[in-house]
Each structure stands twice: as structure tokens, then as C-alpha cells.
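Taking it in order: structure first as C-alpha cells, then the write-up.
Chain lettering (A, B, C, D and E) follows the sequence in which the chains are written, and residue indices restart at 1 in each chain.
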Amino acid sequence: MNCVTCIDYIIIGVMILSAVFAVEWRDLLAAAVGMAAVSLFASILFLILQAPDVAMTEAAIGAALSGAILIFAIKRTQRFETEEEERPGWWIRW
Amino acid sequence: MNGQYASLLIALPLLGAFFVPLIKGLGKKAIKTYVLIITAIQTGIAAWVFQQVYSTGKPIIVMAGGWRPPIGINLYIGHFAALFVLIVAIASFLMAVFNFKAIDVEPIDKYAMLFLLLMLGATGMIATGDIFNLFVFMEITSITAYALTAYNKTGEAAEASLKYMILGGIGSSFFLIGVALIYGATGTLNMAQIAQLAGNIDPTVAQVGLALIVFGLAVEAELFPLNAWAPDAYQAAPHPITAMFSAFVVKAGLYAMARILYLMSSVGTWHNVLKLLVVMATLTVVVAEFSALRQRNVKRMIAYSSISQVGLIALAFALGTQAGVDAGVFQMINHAIIKALLFLGVGYVAVQLGGADIENFHGLGRKMPVTAFGITVGAMAAVGIPLFNIFWSKLRIILATVEAGYTWAAFLVLAASVVEAVYYFRLIHAIWFEGEGERISESIPLVAIVVALVILVVAIGIYPNYLWSVSQKAGSDIFNVAQYIKNVPLMGVGA
Amino acid sequence: MNELMIMLFAPLVAGFIAWALDVRGIREAVGVLGTLVPLGVLAKYYSTIAGSNPEVVTQTITVGGFKLIFQLNTISWYFATIASLIGVAMAFGMVSTSRSSYEWLFALMSYTGVLGVFLSGDFVGFFLFWELMTFASFMMVLKRSRHESLKYFVLSVIGAYAMLIAIGILYAKIGALDFGTIRQALYMDAMLGSISKSLTALVFLLFLTAFGVKAGAVPLHVWAPGAYSEVDQSYTAFFSGALSKAGAYGFLLLYILMGAKLVAALGIWHNHMVFSYIIAWLGAITVVVAGFLAVLQEDIRKLFAYSSVSQVGYILLGLGIGTPLGFTGALFHVLSHAVFKGLFWLVVAALVLRTGKTRFEDFGGLAEKMPITFAMSLIAVLSLAGIPPMAGFASKWLIYEAAISAHMPLVAGAIFLGSALAFAYVVRFLYAVWFGQRPSDLEDVKEAPLPLLIGMAILAIPNIVFGVAPGLVTEYLGKFLGNPVGGNYYKLVTPTGTYNALLVAVLLVFGLAIAGLIFIYGAKTRRIPVTNTYQSGNPVTEDYNLSMRRNFYRPLAEALDFWLKYSWDRFYERLAGIAEDFADFLREGFYNGNVQSYAWYLAVVLLILALWGVL
Amino acid sequence: MSVPNISAFYFGAISLILIGLYAVLVKKNILKMLIGLSIMETGVNLLLISIGYISGKSAPILSEGIEPNQAVDPIPQALVLTAIVIGVATTAMTLSAAIVLYKHYGTLNVEEIRRLRG
Amino acid sequence: MVSVLKRSLAIITLLIIGYWLAQGLAGVPFGQDKMLVGHYYLDHVKEQTGAVNAVTAIVVNYRGFDTLGEVTVLFIASTGVGALLWERKKRRTAKTEGSIVLTTGTRLLVPFVMLFGAYIFIHGHLTPGGGFPGGATIATAFLLLYMAFTMYEIPHKAFEKTEGLVGMGYVIVGLIGLAIGGYFLFDWIWQTWGWGHDNIGRLFSGGFIPIIYILIGLKVGTELSGIIDNMLKEGVKE
């Protein structure tokens, strides 16, 4: 394994990891940052895949603006995912 | 006139929508009138296109940017698209009239823009001849639909809209994966060229791609069990928008599904996809009808009925026979008329009496006789009573279904139709034979629309010949893929 | 040949005009005119159809890509004429009883529907008009009762859709929808056998359901009592007299179109064609069950509703015998049932109009107050009970003869039992309504209005004419059934018996004259308490007070207790309840409001797609 | 069943799609579901670009002596440009709907957002 | 309990779906030349559109219709957000001013960021980038302003009008193409008038691509800032 593809693998791995974190973190602000990180790593991958236009767009729109909008939305709602109490029937809760 | 001018169908609503911010200050009435004018012009253009296509018998191919098809994006306004673009325009026009009564929530200027863009999206979805362009127009349609669903800004509206967004988002993502696969396998995005090359694609890729594309479109086309967003969205959306959803937004999705399905008919596993779709469509009909049975909210009830009828159309399209497609197109037209009528009537009642609960419909025959009459005719037509238009298309669909060998599907669909009859006649009984009420004055333009639609329903019911021949042409436009490929002036790139 | 179209659509157009104008007087005039047109056209074609050189009048139109064929041939002329006769009577009746343009519209629409069913020469038209007729009659019921109407409609629609599927199967196999082609193809296929047995059986079953519902065959009869009672009674004359005949016509069609194929597919059992035997037994069961139920009713409308079901059972039975003689009897009974039952319902209409009452216990002694109506009802009673020289006797006699000569003794027994039951309930009607003590609130009851009487007369005359001269009918029917019945106008000759109607009539008149003389000169009145008629030594208590007017047949009900526990009606109600609960379950379960569940549905579909791709 | 031989980029793209879908299927917070959708969209974009990639070729910008036959497929890149913008549009719409929803319901838990049902 | 079951079921489901997708993708091998129409674009992009950046040429010229739709989608989003978060009167609610670093940095950076955005979309046909990233960059500048100053607001009336006008501009450019060249969105500057044919690779080339990209850049910038504005402000009671 030469280390050019090595970098690809590392970036992909980190991207997947940040995606997992974005999904699993209960703090939504952190999750939003994780999502932005996913976009950022994706944009690096776009660059590696010879798509500079897309990389720029993804970095500007996908990472920065989406993240910002998400953070604004979180500010206007609630920051933490709440632990749900088990009220309705199993079918609904499921 | 040059056929390229058909691109005005896309340009006009766009221009119209972009112009709205400039006249924002003129007040509600001015903006509504403006929308009315734009839709009227659009109807005129669509009528011209329709006349062109049906008199020459040749489709209009609009080549954007002057590039020939596989290079540029083309609009394919064939028999089906010409017909349906006209229906989209007319339905929008009628609902633009309804806007005057039904829409009171601010900001009207945004509503006007979204209204025009919804019309644009459906027009584009029907007219386009490029699979990615289809995705773009689908997104235009669905994002507009999300926004309009939530337009009333109540909690319910936002809830319905969010449900729609989440399901629609999943659907469109998978649609895009499908497009990516097909693109990767063929190297082109033009529908005609894809159809040409479909036979050579690696079977696994073709199967996955086709399945994903159909999946994505089925969310838009409200097939069971992907239609869970639909009743909520129908119920929560402003009344004219609900009518538009039912009259053409769903149809656009259905059409796109049918179009892509038949384009890919040389794919090996095609028949399995059809079988799956038949199952889904049949279940759509059954589940939706049963769900409507004990519904207290009339708007929601009619929404379920609409879903079931859409399932019937999907069933017809999924049969894979010419007869089925013709019948499906016929049902599409009839259904558009009926549902425009019903949602208009129910929406008007809801506006006047403050809600679409069944209690408000008691004694409606005395309170708002013309509207009540319109709803009654719509209901009877939807059940499939002879002398009304749906009878013919339903008959056609059942015959085609049995002919294609899906007798069980015909059984289930008809059993569901019995249920449909029950709830519709309960509604009719509530309207005419229960409750008392004082006469409320009805708005003249709306009454005129209701009466016009009723006349249309009955006229088609008594004399379906013209519309049937039109639907046959439109149906063969979808079914006859070889002709479609021939009609698109493909440039010999790569092939 | 546009007369066929005129005749077909004149009632509908008239109905629309009547409905749209909604002016008292004009409405009625237009309505009556609309019903008279078809009768006129039919009369005009009599010579063409029944002449020495019969022709078939055909008219073809193309609607929505379907070729609709309308034919006036010997059979359709016969059925259409009966329907128009009742239709005219109904229109006259409605002049008196109906105050609603709504009723005129749908009554006339159903008239068009019935005519269309009889005239159609292809399945699309047949189905169209079948639906139209069902829908129009349903709307008539809907006005009075939602529950009964929905019961009627759901059953009818199930029948109609069953028919649609059967049509679809035939279309898929044969590729045609017109009767001529289908008949030929199935005839050929009886030999070739390319349509499988099970499919043929399925088609037969579907058609059986479709026509059985309309004809009210047990166990699909449950709509009839409610629907017949909950409309304007003048319309019921048409409803029961003509609409139910569409079912009978359907069965006849089954023979014409599929007879050979059905015999080939379902075989022969003890010299009887199996499919035909099924129909015969269906008819026999209907006759008996509905007869018993009719006897037990306390409401005259319900009584006649069940009686109607029972009488249509005779028609099915006659058709089921499957011999030309059987057909003759059945078709004759179509006529006689139409005229006597139509007459009955008009009488009921008059009673309801003048008294506003429907239960036996509220009636009594009306013969003096409404003498003409009484005379009419007497004719109807005689005809229904099968007493010569009325039309009802001739037709029942023919069916009986046919059953005997076809060696179906059990079925013949059903005919006998049915006749006895019919006698039992009409006697009660005759006595309880017309004779005996008159309740005080009926003192100022007037004779029925003139239009209603005209309507009754229109139906009473054929009862007598075809009763005295049954040969008129048998000769006409013989044209396409191969003259199974000999004799002349007044005399019917079958392989097993002879019935001379004229002689019987003369004898009857003579006998009545003698009886009258005896009555006038020798009768003594004797006063007895009402409660005394029928107790057989039982002590009279408040809750076991049986009289002609109240609970007269209660002992019978007690005897049949075991069987009455099982009610098809309740069975269907429960079924409907289950369906509704299922609907709720489905709705609440599937559309549970949780968007995550909805997302799961998407995932499951993807999973199915994936599994189907992977495996 | 054999393990399909796909490249790391495809793997990454599919993983993103599945993780996003997982969030929609399991997480009960609406915003979390929307984050999932967003991640899904990124995954789809990555997939499209990977499909258009050709080993050893350069970006489709034909200046500075890059010949046409040395460039990767430009079409998927054009598509992804569109798709990204559509994605951000959807995200903005969903988030504003979520804000409205929160204003009315006071919660973002999907199990409590069930006023419309049946 | 239910939740664990649900998670595991979800994972199993997703793995199967993923396996299926991977199977499909295995038929579209990575890194191989699968182009069909792509070759045509690469071969003819320079003489047909005058743009060096093939992606830009495709986005704006060959598949201009998509881009028109894309612009519309963004417009819809901004309109929709505006409609959903509409209040009769709304105001910013942020309490704290940005830190001194942020405010000074913003003051310094904003003009450059805007200039950079403009550069990106003007040079779209030559270098990577174009209207969308350029517009987004401009929006980022406004975002910075919002973060740094509590009282800052964009002039929304003007922005909304700009959105509309710019959008109309795009459609009108297309319609001029219809009038001049006979096709909607026809590149009349390059193909009919033939401007800039000797300038390929320099700024004044590429037919109408720069024009459209400027329009798109402005539109995206205003729309995204509008969205940010709408998200940040909350309604106040009058």
C-alpha cells in the first residue's frame, strides 16, 4: 500500500467517523459541527477526485452555510436531544 | 410559429415568479390578480402547444441552448406532455381564481411566487427529456410543495411539511443514486439515449438503478407504503394547493415513473419491477380506501380517496400493456378534473364554515347548494357511476388489468371501490338529508368554476370519445418507446 | 334506427327536465310523457319483432372506444315491454304519491337503466346500464334511509363488480365484448376447452353473484326488504316489478351466452345440467325461505318485499329447470310477477298515501272506504296466490309442469310450498287490511286519487287478460323457445297436462255468481269478538294476543325459532362491522403519525428491493 | 454471496448514505434526522463524483496545456454542483419548518409530533 | 429494550441495503473511463462555448436548463424560508456583541471576502468556482457581519428586489437567445455575435457564461443572505 492511497483511506475513515459522531452526539451543536466536518472532508475528497469546482462549492455551501443555518436553527429550538420517556404504544415508539 | 417557443412554458412562470418581489407593495388583491393573469397566459401558451402537437401529430422538441439532445437538455412535448401541460395550466388557473377566497395568510407575495413555481415544476417534470433535469424539476416541485404545505404556519402544517420533507428527501436522494448508476453505466443522461442503450447495461446495475429511480419517484407518486406523507400534506396545505397536489403534482411523479419505467423496458428484470409495482399499486388502493372509511375530516377523506385513485392509475401503468397505459392516462385526466372539483368544493366549504369536519357538511345542501351539488357530482363520479367520467376510465383499467392476467388485483381494487362508495355516499347523505341550515351566498366565480367542472364531468361521461382518442395518443406516446427514440433528434455521440 | 336511442334516453331526459324545472304539474306531465315514449316505440316495433318474418332491430354507437350495440329482438322486446308497462304505471302512481323532483329524476333514470340492460347487445352497455339502474334506485332509497340504502348499494355494487370481473375474464379470453361473438366463441370453446374448467366455474360464480343480488336470491336478498320499503311505494312497483327482472334477464343471458360452455365445463349430474341445477335450487331455496319470512312480517311493505323475493325465486327456479317449458314458465312468470307485484305495490302506495300507516295492526275495514283499490288488490291477491284465471296461475302452473316433466320432484315441492305460503300471507293481507273492524282513526280515509287508480288499472288489465288468454304469451315466447307449449290462446297444452283458462274463467264467474246469490239471499251476520278467531283454546293474554292483525303467524315463528336465529342480515352486518374495525385498525396502525415509522416504511421497501436484488 | 469489489470512495459514499439513513430511522430528534438527511446528500454527491473519476486524469479545466483526453468526466461535477445547491435549499426549508414546529409544539421529539394521523 | 432492538434492526436493514447498493456499484467500476457524452464536451468545449473550464461550460451552457432550475430551487428555498418564518415585525434577538477580534476582523475582511466572491464568479469560465461558490462566499461575508454586530441587518427590501430582478435577468438572457438564435438559453454572445473568439482562456471570452455567472452569483449571494437573515430574526409582538 503506497501512501498516496493511504491519505485517501485516512480521509475517508475520518469522514465516516465524523459522520458517526454527528449522528451519535447528543449535543446538537456538536452534531452540527460534525456535519460540517463531514462536508469538509467530502470536499477534500472532491479535490482528490479532480473536482475543484465541486470542492469549492461544497466547502462554501455544504460546510459553511449549511452548518451556520443549522446552528441558527438549533439556537432557536433546543440544544440537546432529550431522552424520551416511553409513553405511547410500542408500535408508535418504535 | 417556431416550436422552440414552447420553451415559454418554462420561461413564463419563472419570469412571473421573479417579477413578484417588484410588485410586492401593491397589496394582496393586485398580487392575486397578477397570478391569475400569469396562469391565464400560461394556459394560452399551453393551449397553443396542445393544438400544435395534436394537429401536426409530431412532438415538439425544445432544445435548450440550441444543443442537440444528448449534448444539451431537451424538452419533449409529445402527445402526453402537451395534454398534461395544458391540464396543469388550466388547473392552476382555476386555483388562481380560488386563491381570492381561500388564501388570507400573509405573506401573499411569497405564496404567489411559490404557486407559480409549483406550476412550473410540474410542467417541467412532464416536459423534460433528460433524467437529471427531471431530478431538478422534481426538486423544484417538491421543495415548493414543502413550502406550500407549511404555508399556513400552524403547527399541523409544519408537521405535515416536515414529514413530507423527510420522506421526500430520502426519496430524492435515492433517486439521485439511481441516476448516478444509470449514468455510470451509460454515460449519458438523455432519456432517449438511455432507452437506446438500456439493453446493453450490466443487468445488476440496471436493476439497482431502475429500482432506485422507481423508488424515488414512487415517493412522489404516493405509492403504498411510501405515501404516508400524503394525507397529512393534503390536509394541512392551503385548499387551492391541495387541489393542485392532487390534480397534477402527483400526476407528474406518476408520469415520470411510467416514462422511465417504459424507457427501461429492455432491461432484463423489467417484468419483476412491474410485478412489484402492481402489488404496491393494489395495496395503495386498498389501504387508502379503508383509511378513508371512517374519516371525520372530509378533506382528509378525499385526500385518501385521491391516493387510492392514484394507486389505480399506477396499477394501470404498471400493467405493461398498451391498453393499461391508455386507461391510466384517461384516468389521470378524469381524476384531475374530479379532484379539482372536490377539493375546490370542500376547500370552499372549509373556508366558509370554518373547517372541513364532517359536521360542517350536515345540511350543506341547504347552506351552499351549488357547492354541495358540485361535491355530490364529484363524489358520484369518483365512485364510478355511469354517465360520469371516471366510469369509463375505471372500466378500462379493470378490463386491462384482467386482460394482463392480474385478476387478483382487479378483485382487490374493486373490493376497495365498494368501500369508496360507502364513504362517499355517507358524505352525500350528510350533505343533503341531514341537518338544517340557512342559505349562505356563494361567490359567483367559484360557482361558475364548479358548474363548469360539473358540466365537464358529465360531458365526458356521456361523450368520452374525444378524450379517449386523446388519451390513446398520449398513452402510446408513453408506451411506444421506439417512436420516442425516433422522435428525439439524437446526435450520434458515442453511440 | 334512432328510435332505439330515443326510447332509451327519453325517460332520462324527461327526468332531467322534470328535475331541473321542478314545477308542479309540468314535472308530472313530462315524467309521464317520458315513460310513455318507450312503450310507444315498443308498440311500433311489435309487428317487426313478432311478425311472421321477425327482424332484429340493431343500433350501434361508439362511446369511448367501446362499441355499444343495442338490439331489439324477441327476448329484449318482451322484457322491455314489461318494464315499460310497469314504468308507465309507476309514473301514474308517482303523480299522486311523489312530491319531489329528486324522485322523478332517479325513478326515470332507473327506468332508462332497466331498458338499457334489456336492450344491450354487448357487455359494456349492459354493465353501464346495470350500474345506472343500480345507482338510480339506490339514490331513491338514500333519500329515506341511509342504512338500508347502503346495504342495498354495497350488495349491488359487489354484484356489479363481480360481473365486471367476469366480463373482464371473458374479454381477456375472447377479446370481444359483444354478445354475438362471445356466444359463438364460448360455443366453440365448449368443444375445444381452451378456457379451463376452474376459470369457467369462476366466471359462472361471479355472474351468479351479480345476477343473484339483483334478483334477490337467498342469501343475497337481504337488501330487498329494506330497500323496497324505504322508497316511494309507487316506485317500489317498478323497483320490484322491473328492476329485479334484470337479474332474471341476466340468468337468461347466462344460458344464452355460456350455456354450452357451462355444460361442458361443469358437466351433468343425474340428467341435470349442474350449473342449471344450482340455479334451480337457488330459486327453490329463495322461494321457500323468503316465503316463510314474508309470512312472519307485521309490516305490509316488508311482507310484499319478501314476497317479491320469493316470487322472483320462482323465475330462477323456472330458468333453472333448463327445459324450453321451464323457460316458458319462467318468462311468463316474469310478466305475471311484474304485473301483480306492481299492482300490489301501487295498492300499498295508495294505502300509505291515504292512511300513512304500514303495519297490519293499524289497518282494517278499508274495503268500504277504498272500493276500487280493494278490487284491484283482490285481483292482485288472486294472481299472486295462483288462483285461476289470473296470470299468476298460468305461469306458476307452467313452471310446475316443467319441474314435473324434468323430473325434479323436490323442486316442484318447493313450488307447492311456496304457493301455500303465498296464500297464507295474502289472505292475511286481504283480511287484515280490507275487512274486519275499522280503527277509528281511519274513518275519513278517501279513495285513492285518480292517477294512482289509472296506474293500477294499467297493471290490473294484463293480469286478467293474460290470465284468461295465457296462450297469447306462450305463443310469443314459443317463437324463440321452439313452441314447447301447445294449445291456443285460451288453452295451454304441455306434455303432462292441459289448462283451459277460458273454461276455468267461465266456471269461476259462474261459481262466483252462484256464491253471490247465496250470499245475498242466504247470509246471516253473526257477531263474534275479534280475539276469538284464532286461539285454539289458548287463554288470551296481553302479550299473547294473536289476531288477524297482530302476530297472526306467531306460532309459526315459534316453530321456526331455531332457523330464525340464523339471519343473513345479521351476518352481513357483522361482516360490515368487522370491515370497519379493520379499516380503523389499518388506518391507525399504518398512518400512525410518527414520521419515523414512515421512514421505516421506506427502508422496508428498500430492503425488499435489496433482498429481491440480492437473492 | 461474494463481497462486491468496490473502491474506497464508493465505500465512503455508501457509508455516508447509510449513516444518514440510520439517523433518520433511529434518532428521535427532528434536527438529528435532518442532519442525517444532510449527510445522506453529501454521500450521494460523493458517489456521483466518484463515478465520474478516471484514474490518473486531471480536472476538466482545459487551460495550461491539458488536453481533452486527459480530463476526468465533467458531467457528474456539473450535476453535483446542482445537487449541492438543491441540498442546501432543502436543508434551509426543513430547518425553518422545524423552527415553526418548535414554536407550536415546544418539542422536537418525533413521537410527540403526531397531531396529524389516521 | 425496544430501542436496542430498533437499532440492531436498523443496522441489519441498512447493511443489506448497503450490500445491494455496493453490488450495483460494482458494475460501475471506479476510475475507468465511462464517458460517452463527456468526451464530446471535452473535445468541443473550447470552440463551442469559449470556456476553458468544462464544468462551467456544462453547467451554464450545455446544461443551462438545469442551472436555471437550480437557481429556481434556491429562490424557492429563500422564498419558502421567508414565508415560513414570516412575522409582521421581526427583529434580531442576539444580546452579545462579537468579541473585539471578530468585529475588527470582520471590518477588515468583509470587503475582501466580497471581492473574492466576485472574483470567483467572474472567473467562473476560467478557474474552478463560479456563481454558486462565489455567491456563497458573498453570503459568508454577510454572515460575518451578522455574527459580529448585533444590530446589523441586510437591506432586505433591496435584496428581495435584486433577487427578483437578477432572476428575471437570467430568464431574459435566455429569451434573448430564443429571439436571436431561435433557441431558449442560446448563447447568442458567443455563437451569433462571435465575441471573444480570440480570447479563449482570458477573461473576455466564454460567451454569456460570465454574464450568467454574475447574475447567479448575485442571486445566490442575496438569497443565502436572505435565508440567514430570516433564520436569525425572530418575531416581536407589536
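As a working rule, a contact is a pair of C-beta atoms (placed from the backbone, for glycine too) under 8 Å apart; a residue touches a chain by one contact, two chains touch by 3 or more.
All values derive from a computational prediction rather than experimental measurement.
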item	value
Minimum number of chain-to-chain contact steps, chain B to chain D	1
Where chain D and chain E overlap in contact partners, by chain label	A, B, C
Centre-most chain [mean C-alpha coordinates]	B
More contacts between chains, B-E or C-E	B-E
Most distant chain from chain D, judged by the mean position of its C-alpha atoms	C
Chain at maximum distance from chain B, centres defined as averaged CA atoms	C
Chain B-chain E separation of Cα centroids, rounded to whole Å	30
Rounded Å distance between chain A and chain D, as computed from the means of their C-alpha atoms	10
Approximate Å spacing (C-alpha centroids) for the pair chain C, chain D	67
Rounded Å distance between chain B and chain C, as computed from the means of their C-alpha atoms	44
Chain C, residues touching no fewer than two other chains	587, 591-595, 597, 599-600, 603-604, 606, 609, 613-614
In chain E, residues with contacts to at least two other chains	6, 10, 13-14, 17, 19-21, 23-26, 28, 34-35, 37-39, 41, 53, 55, 63, 66, 69-70, 73, 76-77, 80, 84, 128, 130, 132, 224, 227, 231
Sequence positions of chain B contacting 2 or more other chains	132, 136, 139, 143, 146-147, 150, 153, 158, 162-163, 166, 170, 177, 181, 184, 189, 204, 207-208, 231-232, 291, 295
Sites on chain A touched by chain D in the complex	5, 8-9, 12, 15-16, 19-20, 22-23, 28, 31-32, 34-35, 38-39, 42, 45-46, 49-54, 57-58, 61-62, 65-66, 69-70, 72-74, 76-78, 81-82, 84, 87-88, 92-93
Contacting residues of chain E [partner chain A, same complex]	2, 6, 53, 55-56, 120, 128-130, 132-133, 136-137, 139-140, 143, 224, 227-228, 231-232, 234
Touch list for chain D against partner chain A, complex	8-9, 11-12, 15-16, 19-20, 22-23, 27-29, 31-32, 34-36, 38-39, 42, 45-46, 49-50, 52-53, 57-61, 71-72, 76-77, 80-81, 84-85, 87-88, 91-92, 95-96, 98-99, 102, 107-109, 111, 114
For the chain D and chain C complex, residues of the former touching the latter	1, 21, 24-25, 28, 33, 110-111, 113-118
Chain E residues within the chain D interface of the complex	3, 6-7, 10-11, 13-15, 17-19, 21-23, 25-26, 28, 30-35, 37-39, 41-43, 45-46, 52-55, 57-59, 63, 66-67, 69-70, 73-74, 76-78, 80-81, 84-85, 126-128, 130, 132, 201, 220, 224, 227, 230-231
